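Naming follows writing order (A, B, C and D), and every chain is counted from residue 1.
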Amino acid sequence: MTFSFLRTRKWKYQKPSRIEQDKTVRRRIKYESELDIGFREKIAKMAWGERLDSCMQCGTCSATCPVSHYMDYTPRRIIDMVRQGFKEEVLNSFTLWVCASCYSCTVECPRGIKITDVMYALKREAIKQGFHPKRFLIPMLASKFYKQVLRHGRQNEGRLILSLYLSANPLLLLRNSKLAFRLWRRGRMKLFEKGIRNKASIRKLLSSIERREEEPVQ
Amino acid sequence: MTSTKQNGEVRIGYFVCHCGHNIGATIDVLKVADVIKNLPGVVISREYKYMCSDPGQEMIQEDIKEHNLNRIVVAACSPLLHENTFRRATEKAGINQYYFHMVNIRENASWVHVDKAEATRKAIDLSRAAIQRVFFHQALEKKQVSINPNVLVVGGGISGIHAALTLAKAGKKVYLVERDPTIGGLMAKFDKTFPTLDCAACILTPKMTEVKNHPNIELMTYSEVEKVSGFVGQYKATIKRKPRYIKEDVCVGCLDCIDACIYKDGKYYDEFNVGLSKRKPVYIPFPQATPQLVVFDPEACVRLKRGKCKETCVEKCDRDAIDFDQKEKFEEIEIGSVIVATGFQIFDAKKIPYYGYGKYQNVYNALEIERLVNSSGPTGGQVVMRNGEVPKKIGIIHCVGSRDEKTNIWCSRVCCTYSVKLAHLLKELSGADVYNFYIDMRTPGKGQEEFYNQVMREGVHFIRGRVAEVTDWAAEKEEQGKLIIRVEDTLIGVVRRIPVDMVVLGVGVEPHSDADKIRRLFNISCSTEGFYLEKHPKLAPFDTASDGVYIAGGCQGPKDITDAVAQAGAAAAEALALIDKGFIEMEPNTAFISEDNCSGCKSCIPLCPYTAISFDEEVFKAKINEVLCKGCGTCVAACPSAAIDQNLFTNDQIYNEIDGLLKYEIV
Amino acid sequence: MELKSQNDTWKPRIVAFFCNWCTYTAADLAGVSRIKHEPNVRVIRVMCSGRVDPQFVIDAFVKGADGVLIGGCHIGDCHYIDGNHKTIRRFAMLKRILKDMGIEDERFRLEWISASEGEKVKTVTNDMVEKLEKLGPLGLPKKFIAWDEEMNHLELEISKPKEEIEHV
Amino acid sequence: MKYIYYPGCSLKSTGRPYEESLLAVFKELQIPMEELHDWNCCGATSYMSVDELKAFGLAARNLALAESQNGINGNGDPDVHIVAPCSACYLVLIKTERYLKEYKNERKAVIKGLKTIGLDYNGKAVIRHPVDVLFNDIGLESIAKHIKKPLKGIKVASYYGCQMIRPFELFDPVHYPVTLDLLVDKLGATPLDWPLKTRCCGGSLTGTLHEAGMRLNYRLLSEAKKRGADMIITTCPLCQFNLECYQDRISSYTGKKIEMPILYFTQLVGLALGIPEKKLGIHRSFIRFPNFQALEMEV
């Protein structure tokens, strides 16, 4: 499970990237016992997921998505897999993390499904259940962000990226150092910034609205 | 209390139905029968599997005879469904049918409730109310109203034409009103019809001519129904005749005036060719238009706009048929029944901006393509795009405006097969590669699946996926200058960008934007989407809630020609059944005044919408004309001295119904 | 199946007057479509909502209804041209009278439900039941008994000294 | 009425020119505005991926602060208009407002949490985007009155991005927004009609899924260039950053030189209003925007 293109330095635009084929023969069958029957209900119960069941698999979401070609399962397939209880495949999929929250699918869906919000629900579920790939930048960014805001009440882009790259892949830091320098020279990057005045209040607020896991959303 | 009991001691028979599991599964029918048995007046209380079946009805009749019953209460389904069945059964057993009353414990209880105890309690309450009510029932006779045999058909599309011809052939006088200058409707614009590919004009024009020539049909084109009054059997309608500026009885349709017009070429939007060509201010919609009469467009004609023109057309017309002073006329006609066949309109693709209709010139809607591929169309059947080129690759998008919560939620039913048909025609005529983009392929009619299969084998591509956008921005060299369709091929699971030259939008159908106006004229209900509501979706798809008003064709819901014609025939047969009976039986639910109580206050008189109440100055009392009364009961509710009452819904009956419903708390 | 005793839990009871052409048909549609809703409404069919005499409504409250619902065609759709216009006028007047009688606003409701709005029958019913459950029982009959007793008592008090004289 | 300015984290760092120009323009147009005291991060998209309820709590704190900061208007109603220039903040705040309106249990939980830190939220705050304020409250006509230097001869591609116009249709049609184009037209420049004006720039993907982000930005930049745009204007600090800061890298990947000035729409408005470039933060741009006075001369 690697992103080969992350390593390519140059890409030739005119030629579409070669399709990597899995040459090994693999048995593919899904037994009912492997499915998580309650998964559909769980996701549907989360906020704004109520209309999951009315999906007619038209594919508008995938076609309108600007990043669907980086997904292993298109959003349409994710929706159906959620409905059918393919929990592991869904939570292991890149699709959740590639989603850039642009809301195109939500706007276009002819059945009014809030697909972006379903993706958020799946992201939360994946983080909670520890499903996302290790050292995969996007969920890491989310949790770094989470912690930074918890600590300072505000977020500092420079420091966020710095700590993200440090713990994920220090090489990335090197690659982006020039950009950082240019930003800094134009006064658009600060590494040190004080957060909000009353930092404790943020922690107090967030810990007080901790929700027990079983508590259903209505 | 005793005064209302016309036939001695009240002996009630109560029958409760299981309706198989429909009622029995939710309501404890035995318990209900048991509770009702002990109520005063009830002689016999029974339950049965299917009360409406023959044995069920026979049971009622036998009980009436055996136990000398004189009131019958049946608790079963909705009175709108089976009230008449049981009334007939009661009548057969020798007592007046209005001694019967029906309790709805299926639609109103067992089907909509889950809690068995509560549903049973509700059934008992409703039954108790009915038992108390029937004490006050009286013997009544149905009143009869004669029927005017003339029929008004609104809409001259294929449905209206077929209905009018059926009625005319049966010897009935028909007024066929059409708002366009010609009859023929949408079908006249089509080239070939699916799935048999027979030419629309070849099968439609003979029927149009027949309409024109039939002695029983009075054709009123370029006309609209303005006002309707009266009731079943005795309707009056006012028809607005828009001026054509042509003497209809003089013009022979030589079309010389069109040649003579000061405009050498067409300049105005051609309605028949949906804008693909231009017409002159004086025009005939299409060569086979019926009637063969020209029309002057008052918005375009120089003479009509400015009052001054060389009037070359008038010079040319040797029959002197042109009359610029014509005014709107109103005609009043009397009819007994109405068939509404106003059809549907196509969805306006501009409402979906991401398909680029109206923005990119080579995006067409399906109706435009029908004209484009038509051999008598603006290009003579050549598939030439607006930019003058012949397309090499064509994309046809299904479900445009249909199955979408933001536009129309319903399936338009015809688009799949007509898109397949257009794919076939476009491929045949232009040799282009044709791609069809569908969500679900729905080709349910006779011969349609076979047709779909045939077109698949012709090499038309079918891609399952709803198109997300049609744009002109190119990501690849091959996409330059093309329209790019972005879609997920859902069966493969990959997003594709397909560059095409021409995009055809398979637009859905929807109710006319002014359907509401017609609906109010005839007092027809509408389903939520705006199509006219039938009385019963299965058993009376051509009937409406207004007696004597029938619906046919596209105004009732999306349908193809086959179904529209079938429904039109059924509506005509239904109207014939009404007419040939000669009279109509009305519910005797009229209001009546007990003169002793009337104080002469006149408050009821302005309330009656049918002016059925008059005032007798001599005795200083109000009087109700039973023939005019439609039985709404508004006057009854308003009478301050309780002098007015309504048969079938008397005050005593309703008060006792209320009492029965709420009795158990005090018990 | 055991029927629960009728006093164990209080449930609001609503008397509904539905016009034959729109709302009654809508209720039938709700039935045919199996749209489940609260079982508290008891429907009385009338030809037009204009037939609903204000006295019917008062009578229903007096006999123990917790709420009264009138259902008619949308304005402009009346089968009898404008019967529902008359309903509105009566409704407005009656609402004021009921208010003076101490009957809360939510207990008396007028709704336009057309023949195709089966779903609306459900929403209106459930909504009304929910509101009435919050309000609690109206219980006019019991109040009447209490008031009658009170009146009797008062009368007794007043007539006590005269009692002997009258007895003679 | 005084608007409450909610800058969000980006406007204090990478989006500094946005803040500078926004404040300058509002000052020039005499729109009273005051920064929200002790605001905190809105949570952006990342918080939503970790814990939804907390994300709403975080955003609700700002709403509650705004409600307590602004008093009461003439009619006695609370009158709170929050101006959130960053599209992400704008959407998060709006989403929070709608969500708390729709879901009772969540509202209760969030308000309970706010009460522990001495705040209360009653759903009165209205969240506005500066585009919305300029277009609907101030009006194009009164902006036009302030124009000192019409931007004649510049072809401007307006880039609306995602979160300002989606998923809620608030002040602009979701499929084909027009407000910025009308504004550009009013400023004297030529608006460019291009189909990608609402297509995603990748958001934070440029930092995490680099290639995907680069490709998305390449599409936007090359399409704008192909259609002859002189510059792109944006309404969001992240969009601006993505479009501007990776141009050299995209050029080196594709071998095609792309030099497209990316301005905030407020900078463009400021230029037309005659505010000095320095005050608008134009000197902080990577790609120098050609002197517009020279362009004016050419026409």
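By our rule, a contact is a pair of C-beta atoms (placed from the backbone, for glycine too) under 8 Å apart; a residue touches a chain by one contact, two chains touch by 3 or more.
Given the structure is predicted, the values throughout are model-derived calculations rather than measurements.
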item	value
Chain ID, smallest distance between chain and overall C-alpha centroids	B
Chain pair with more C-beta contacts, A-B versus B-C	B-C
Most remote chain, CA-based centroid, reference being subunit A	C
Centre distance in Å when subunit B and subunit C are each reduced to the mean of their C-alpha atoms	35
Subunit A and subunit C: spacing of chain centres that average the CA atoms, whole Å	54
Separation of mean Cα positions, subunit B and subunit A [Å, integer]	50
Junction residues of subunit B - those touching two or more other chains	354
Overlap residues in subunit D, where contacts from two or more other chains coincide	175
Every chain pair in contact, whichever chains are involved	A-B, A-D, B-C, B-D
Subunit A-touching residues of subunit B, taken from the complex the two chains share	354, 399, 403-406, 439-440, 464-469, 476-477, 486-490, 493-495
Partner subunit A, residues of subunit D touching it in the complex	9-10, 12-17, 38-41, 43-54, 57-58, 61, 99, 103-106, 109-110, 112-114, 116-117, 162-163, 166-167, 174-175, 198-200, 202-205, 207-212, 216, 218, 245-246, 252-254, 256, 283-286
List of subunit B residues in touch with subunit D within their complex	353-354, 471-473, 475
Partner subunit D, residues of subunit A touching it in the complex	3, 5-6, 8, 10-13, 46-48, 66-67, 70, 97-98, 100-104, 106-107, 114, 116, 120-121, 123-124, 127, 137-139, 141-143, 145-146, 149, 153-158, 161, 164, 179, 182-183, 186-190, 193, 195-198, 201-202, 204-206, 208-211, 217-218
Interface residues, subunit C side, partner subunit B - complex	1-4, 6, 11, 13, 15, 20-22, 24-25, 27-28, 30-32, 34-40, 42-48, 50-54, 56, 59-60, 63-65, 76-77, 79-83, 86, 90, 114-117, 122, 141
